[in-house]
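Heads up, there are several structures right after this.
What follows is a pair of complexes built around subunit A, which joins subunit B in one and subunit C in the other.
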Partner chain A sequence: MRRTRTALLATVAAGALVLTACSSGGGGGNSTTENKDAKVKQSKSAQQLAGQITFGDDAASKGPAEPVPGATPGGTMNVLERDSYTHLDPGQIYVSNEGQLATLIHRGLTTYKLDNAGKYTVVGDLATNSGEQSDGGKTWTYHLKDGIKFQDGTPITSKDIRWSVERLFAPFITNGPAYLQQWLANTAGTDYRKLLPDGPYKGAHLPDTLLSTPDAKTIVFHFPKPQTDTPYLFAMPGYSVVDSAKDTKQAYDKAPVASGPYMIKNFDQGKSMTLVKNPNWDPNTDSARHQYVDTFAITFNHQAEDSTKRLMSDSGENQTSVSFDNAVDTDNTPKVVGDPAIYKRTVAGYQPFVGQIDFNMKRLTDFDVRKALALAIPTKAVYQALGAEYGAEYAGGFLSPSLAGYQKADPLGKAANPNGDAAAAKKILTDAGKLNTKITYAYVNTTAGQQYSVTIATALKAAGFDVQRKELPSDTYYDLIGKVDNQYDIYASAWGADWPSASTVIPPVFDGRTIADQAPNYAHVNDAHINSEIDRIEALTDPAAAQKAWFDLNTYIVTKVIPGVPTVYYKQLQLFGSKVGGAVYNNMFSAIDATKLFVKQ
Partner chain B sequence: MTSSTETTLAGPPGEPGQIADSGTAAPAELAGRSPGQLMWQRFKRDRTGVISAYVVGFFFLVGIFAPVISKLYGKDPYTLYGTNEPGLLNDFGYPIAPNGGMSSRFWFGIEPNLGRDVFMQLVYGIRTSLSIAVAVTLAVTATAIVMGVTAGYVGGKTDYFIGRVTDLLMALPAQLFFVAVMPVVTAVFVSPVDETPTYLRVVALISVQWFLGWMGLARLLRGQVLSLREREFIEAARVTGASSWRIVRRELLPNLVTPILVQSTLMLPAFVTAEAGLSFLGVGLIEPTPDWGRMFARGAEVYQNDLTYMFFPGIAMVVFIVAFNLLGDSVRDAFDPKAAR
Partner chain C sequence: MLRFLVRRTLGAVVILLFISAFTFFLFFAIPHDPALLSCGKNCTPDNLKTIHHNLGLDHPVPVQYYLFMVRIFTGHHFAAGNCPAPCFGYSFANSEPVWPTLIDRLPTTLSLALGSMVVFLLFGLGTGMLAAWRRGSAVDKVLSSASLVLSSMQIYFVGPLVLALLVYNNHILDQPKYVPLTQNPVHWFSGLIIPWCVLSILFTANYTRMARSTMIEQLQEEHVRTARAKGMSGAYVFFRYAWRGSLIPIVTILGIDLGSLLGGAMITEWTFQLTGLGRLAIDSVTKTDLPMLMGVMLFSSAMIVLFNILVDAVYAFIDPRIRLS
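Coming up: the complex of A and B.
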């Protein structure tokens, strides 16, 4: 259920000032002078993903984690963050920067393990493995490891897991993911709250037919429908464990009890946070995390430009600095990738987002028109604005390379032809007798949004469309295009998967039965084949078969339905100081992996 | 009239023609010059003023003859040269050639990302901005004259009413008002499926600026009229039975030329910057209409990698505003040499 505003290219203009200095600016340089290493690194991160993400067994889930080569313990690491953390209660954590922090302080039933070879495995975190399914994927059993404790030394038991699940139904939990609750209640939307209106706080509990805890170390989930993505689900930070004895409800959001390798020493909202080692975290129980750094000193309000410039300078304490979430800002990207000394201090990888231009299927009912639009629309401008290959990759389909089982495909030739193919589009229109079809193109009214709209409008005019550009204010953009009866034909949006499975992309975005105001099916596509395929694939119990089926369905949508055209896969380039070791990009967190960092002595 | 009578009386007897001939040289120098002519002579002696006038004139010529320049230069402000031709922009969308892609072909370089010609963008941007500013100035001046003179001359309840309206409008924060109203104005008149026509945006821009632009000058004129209407020559005109309309037109307005001219020359550059400011904030003219203000907005975003792109519109704007303000000062000095600088 994630969407991004960066999709709108809403780059905020810095203050205007006329620099009357000598004009040495410009001169972006030829692409031939660009850093070769950069391209290698970029393609490597893509290759790492080509392999499947597997569900780990007991052996894979056993701690301690594989040591990071050359790692030395100790030291303080400075962390430059843009946004302060609004939520620390696991049940309230959904957004990526809080999720990134959660990997250090919270633990759940499962997590992602990234090994030194770059392979991702879903492993048991508090649980001994990634989950044992039975009853065709409806029943999932987890056994807790020995020696897992909260920061005060209290052992974590099945009671805490049950509590953590049941409190998600309480009215004050409003910001976290709702998948688990919906699966248990077998409903959509927020109707799940009726299942346990007050959470566990007034003595009511979920019945054993849904969630049973036969002993202190066993938890069994009984879902009404098969849920084959359960191991991914429990790796979401939003389903981390909460201490049932110390649950302070709303106040827990400011002072949670840690279960991960670090705990919060102090937190000055909006200014700083200090994380110190959690003495009750036992490395032998954790197959994914490390505890090399003594202290993380996090400071907030560092815009991307600020953090990038500090880290580029690499002076003084910036040498031991890093940013968990800030990417290199697009204006500095050419400098960062152009200087090998700086570039070697970067990591790069994918974000979960895929940009697309939606075609409003309620208005554009003619397939030929949609096909012509899909062929004509150029994607180069959005690619450039995100920082070329360091911030984006031309998309061939709606499923991102960060999803399990990704297969590179470009059935419409969009990735191969980022300027669009106006001639081919015009031919389709001419053959169909649809020349001069009126297309109302809604775009977000920012400088960059306007610029992109010019390239699209120019290309569509060249292809023989009558383009009407309609600017929408950036703060209400998604509200306006989210209306089912909106009067626009094409508009941009972006969607990000919640876990690396297409089941968090295709069902929400392309299932015709979910069309509603503000639902993410912005194209209002309602295709019988897509709907039936979604039901079929969701019932598959073999993850590999499901992955293949999702990608086949993606190809069908891209070529046979065309409810939109994919533009780019979002990527990210991150920079760190020269004394920061163990820096590696984790595509599952879509950021640098905080659990592997160490300070070089 | 009086001086010529005196000359005739005081002159020695003889042929009138001869007297006139011999006498013209000296007295004619002293006589027969309107305040306008005096002002013009003083203005011509002010070198700063003259240079500023040439600079300002140059900008207006550039604006007026933009299509001619485009034809001679062989490019237009809409073609996406950089997008259409490979080799002009790099992967990040910035010009490959140094100095923002300046070359004998693209004199001021090419725009980042879209790859349009900066020189043409600037010339047409000046045309857009100046025509809007001139229109606003004309509208504002006309309104201010009507409101100010009416209030001052009629007085009483009318004066009170106009005065309060002026107060009210002056209390509105102008910039905030523009930002809030512009989208509404465009939304009201256009069907949601059609593109907002450029002329409508222009009209809306002119209207909102006009609506909150006239009060200062109107107040100034009201004050002038208040002091003038008690003077003897107005009394005299009234006694002779002249209509109000005639008094305003023949007696008052000629005496108001100075503040009107001075104020409007100072207002025009302010409207140019206001229009640029609105475009900078994203409520002015939108792509693809070339616009001076939007060039800054874009320049502010790309200055780290392409400083040149901000350089040309920035310098042009600074030169224009400084020149126009100096011109306004010179005009004021020429009209009223006694005013202390």
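Coming up: the complex of A and C.
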């Protein structure tokens, strides 16, 4: 799930916030957040995540979901959100806040189940399991559950799934993810549209050699190449089901037909949304969601500072309020964590983003120079600017703890020594005869960007670099560093995985064959070993073997190529009212898990 | 009188045309592609081209402006969705026609502006008249000093302060929010009382000073002094002669202020999370949402121009010399 570019910039430069213990939910869940040392909780969080994400079978996918301890039905939950929802059509949903909403109103073939012990499983959602692969991972078969319906009571069939896939090729679908389309068409970019230029709207369909629906409950995908991440793919909100009989094309974006536990009663764009229970959602078909709350009353335009102050006050209706996405704002974080009565009403976890200082390999071709840069840069400056332990965790590599198969490693010693090692860097430069190498450091002109850039530039000068700082405006920052021929040597960026697999991190960020203007390979790294390893790992059919291979490749990139230095794993701290129960942070959504919430009676 | 109104209305149309053209061309001078808003993560050149076409951004800017003006009256079916007349475009960011959004936001702004007007007129004129009546006394000095202090207060400072004191910390008043008057008059009132008062602070101070000075001026007019000389009571002269005379400049300024407020009180709406036209304007700017920005600009401009005409009309009604000028 991705944030908007604006939000991404904010994570790079400003400071989204905090987080610790992923499963430590207060407010009536199975555990209560206690005012313990945050670092302890962070460490625990990473350990809990490592290697825990598994693909669920029929038993794991069978409803109803495990009850949330202490949960009581009924009541209205007030939700304070910053951004309104631009898109409600599943095919147009990509950004994180819309994905969070989608968990309440839409369902796909698979989804993420977070159990009361904090374990994540990819389970069958509409399907009976997370997927049955054959033909070396090229063919994936799904069987639909009994009793799954749209909000009007119409049964969901394989025809709806086919329709939902085929309409993604239509020209009006421009915002959602394109992985599935590209996998089916076996092509990059938007060439996939040639496969079905008008979608299904003029009677054409994808051939059975790619997508077959032999009966009303069976769907078979035939990919030209092995796709072992298919269960993750279908858990993306962008691949949720659309009612084929009620598809209104563009208008569906404002009035979609719900398949999840809630449906839209009222949506006033930019102001408010009301969700009520979907009477045709059957809990026995859903192993991940609940329907405790009667009504979600969502209002928009609440900046983090506003939502934090409201929730801190815990007055009146704020007692039954929560924000799915808003973090505690930086200025109020000390008050929140310093007051045990407030802090117990928080949850914390990882965001998908990993920050890095990119080294432009079109300009910095000398390995020793890059290594000296990596050693000298004080990542503590970024860490502090993001709210310290409540907004970040020191990174040892480019792969986040929220990814499946995470292996904690710090091969460059950056997490262990976040102040940087100017002496070691200077020795490398001296030995290589590269003292006083000119470095143009581009940084974003936000408060945080300005703060940490000064510290980093000072450290680089101490290490023997001739540093020139270049301030870039925040609204065009990524446009400027995204140009292949940009005239900067180092600059910060951040990247978040679309699903908890390194396959959505290393290929887009480090595959040299994808270098292009505005492509996320901001360092312009083009290493033959990385490229060949990407091809090899993507062909692996054993998820565990693939996970290990990705993390091995990560170590190779960090130590043998050094296209940048990882700085921090982004985290987030969230607050909720005293009468909100079941509040648990879900690392897969980077937000409070809305499907578990209840109002304390 | 009719000729006067027709002349002023035609002038207003020209002003609005100029504002619309200025805003439109200024927007495209910004080096930022608004289609990126709708392009998502996988923003390839092909995708961008499709969105340009869907939003009508593939035409030259002058053509886009011409089409924008024509479609206000004819409506248009964009690839992104239908936009019936009056069509002020289709929002890039919200994927909605602009006009219904403006109409949807208007009641919030209307409630805020009119409620605030009542407060600042009541207190502003009241204290101003009192200060004028007691000119030179301690009351006058206190009120004049207070108005000076209040006029230096800013909403972005007073607003959060009032929220902290009355809402967050002491739970005395409800969280500010807009509830339609027709839905629940009590909640409408309780939800807006803080924004009304905060927005009124600056206006109250200004109207106090204005009312005081114009009233003092009127009290020194010959006809007022004549009335006093004829033996009329001070209160009678004050309200019967001086008060009426002082209203003319106040009505003039009030018309302009109200027109501006109906265009959206941006900082107040932002401070209290009220989703009116002011908030919409801020969002449109930050999201580079040209159609919505154009809609808000034209609506706000129209309000200001309209109230200027109304003020001129009232002024002309009061003073026939205006009609002849």
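Throughout what follows, the second predicted complex is superposed on the first by the 557 of 601 C-alpha atoms of A that agree within 3 Å, B and C clash if a C-alpha of one lies under 4 Å from a C-alpha of the other, contacts with A are read in each partner's own complex, and residues count from 1 in each chain.
As a working rule, a contact is a pair of C-beta atoms (placed from the backbone, for glycine too) under 8 Å apart; a residue touches a chain by one contact, two chains touch by 3 or more.
The structure displayed is predicted, hence computed values, not measured ones.
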Larger contact residue set on subunit A - subunit B or subunit C: B
Touching partner for A:Lys380 - first (subunit B), second (subunit C), both, neither: first
Partner chain in contact with A:Gln468 - subunit B first, subunit C second, else both or neither: first
Touched partner set for A:Lys254, first subunit B, second subunit C, both or neither: second
Subunit B versus subunit C as contact partner of A:Ala59, first or second or both or neither: neither
Contacts of A:Asn318 with subunit B and subunit C, given as first, second, both or neither: second
Interfacial residue positions of subunit A with respect to subunit C in the complex: 2, 5, 84, 86-87, 92, 94, 171-172, 174-178, 189-191, 193, 250-251, 253-254, 268-271, 299-302, 306, 309-310, 312-313, 315-318, 475-476, 518
Residue numbers on subunit A that touch subunit B, as the complex places them: 11, 13-21, 23-31, 34, 330-335, 378, 380-381, 384-385, 387-389, 419, 438, 440, 445-448, 450-451, 453-455, 457-458, 467-471, 473, 487-488
Subunit A-facing residues of subunit C, complex: 31-32, 36, 38-44, 46-47, 50-51, 54, 79-81, 93-96, 101, 104-105, 163-164, 167-169, 171, 174-175, 177, 273, 275, 279-280, 283
Touching residues (chain side subunit B, partner subunit A) in the complex: 80, 83, 89-102, 109, 113-114, 183, 192-196, 280, 282, 286-288, 294, 296-311, 314-315, 317-318
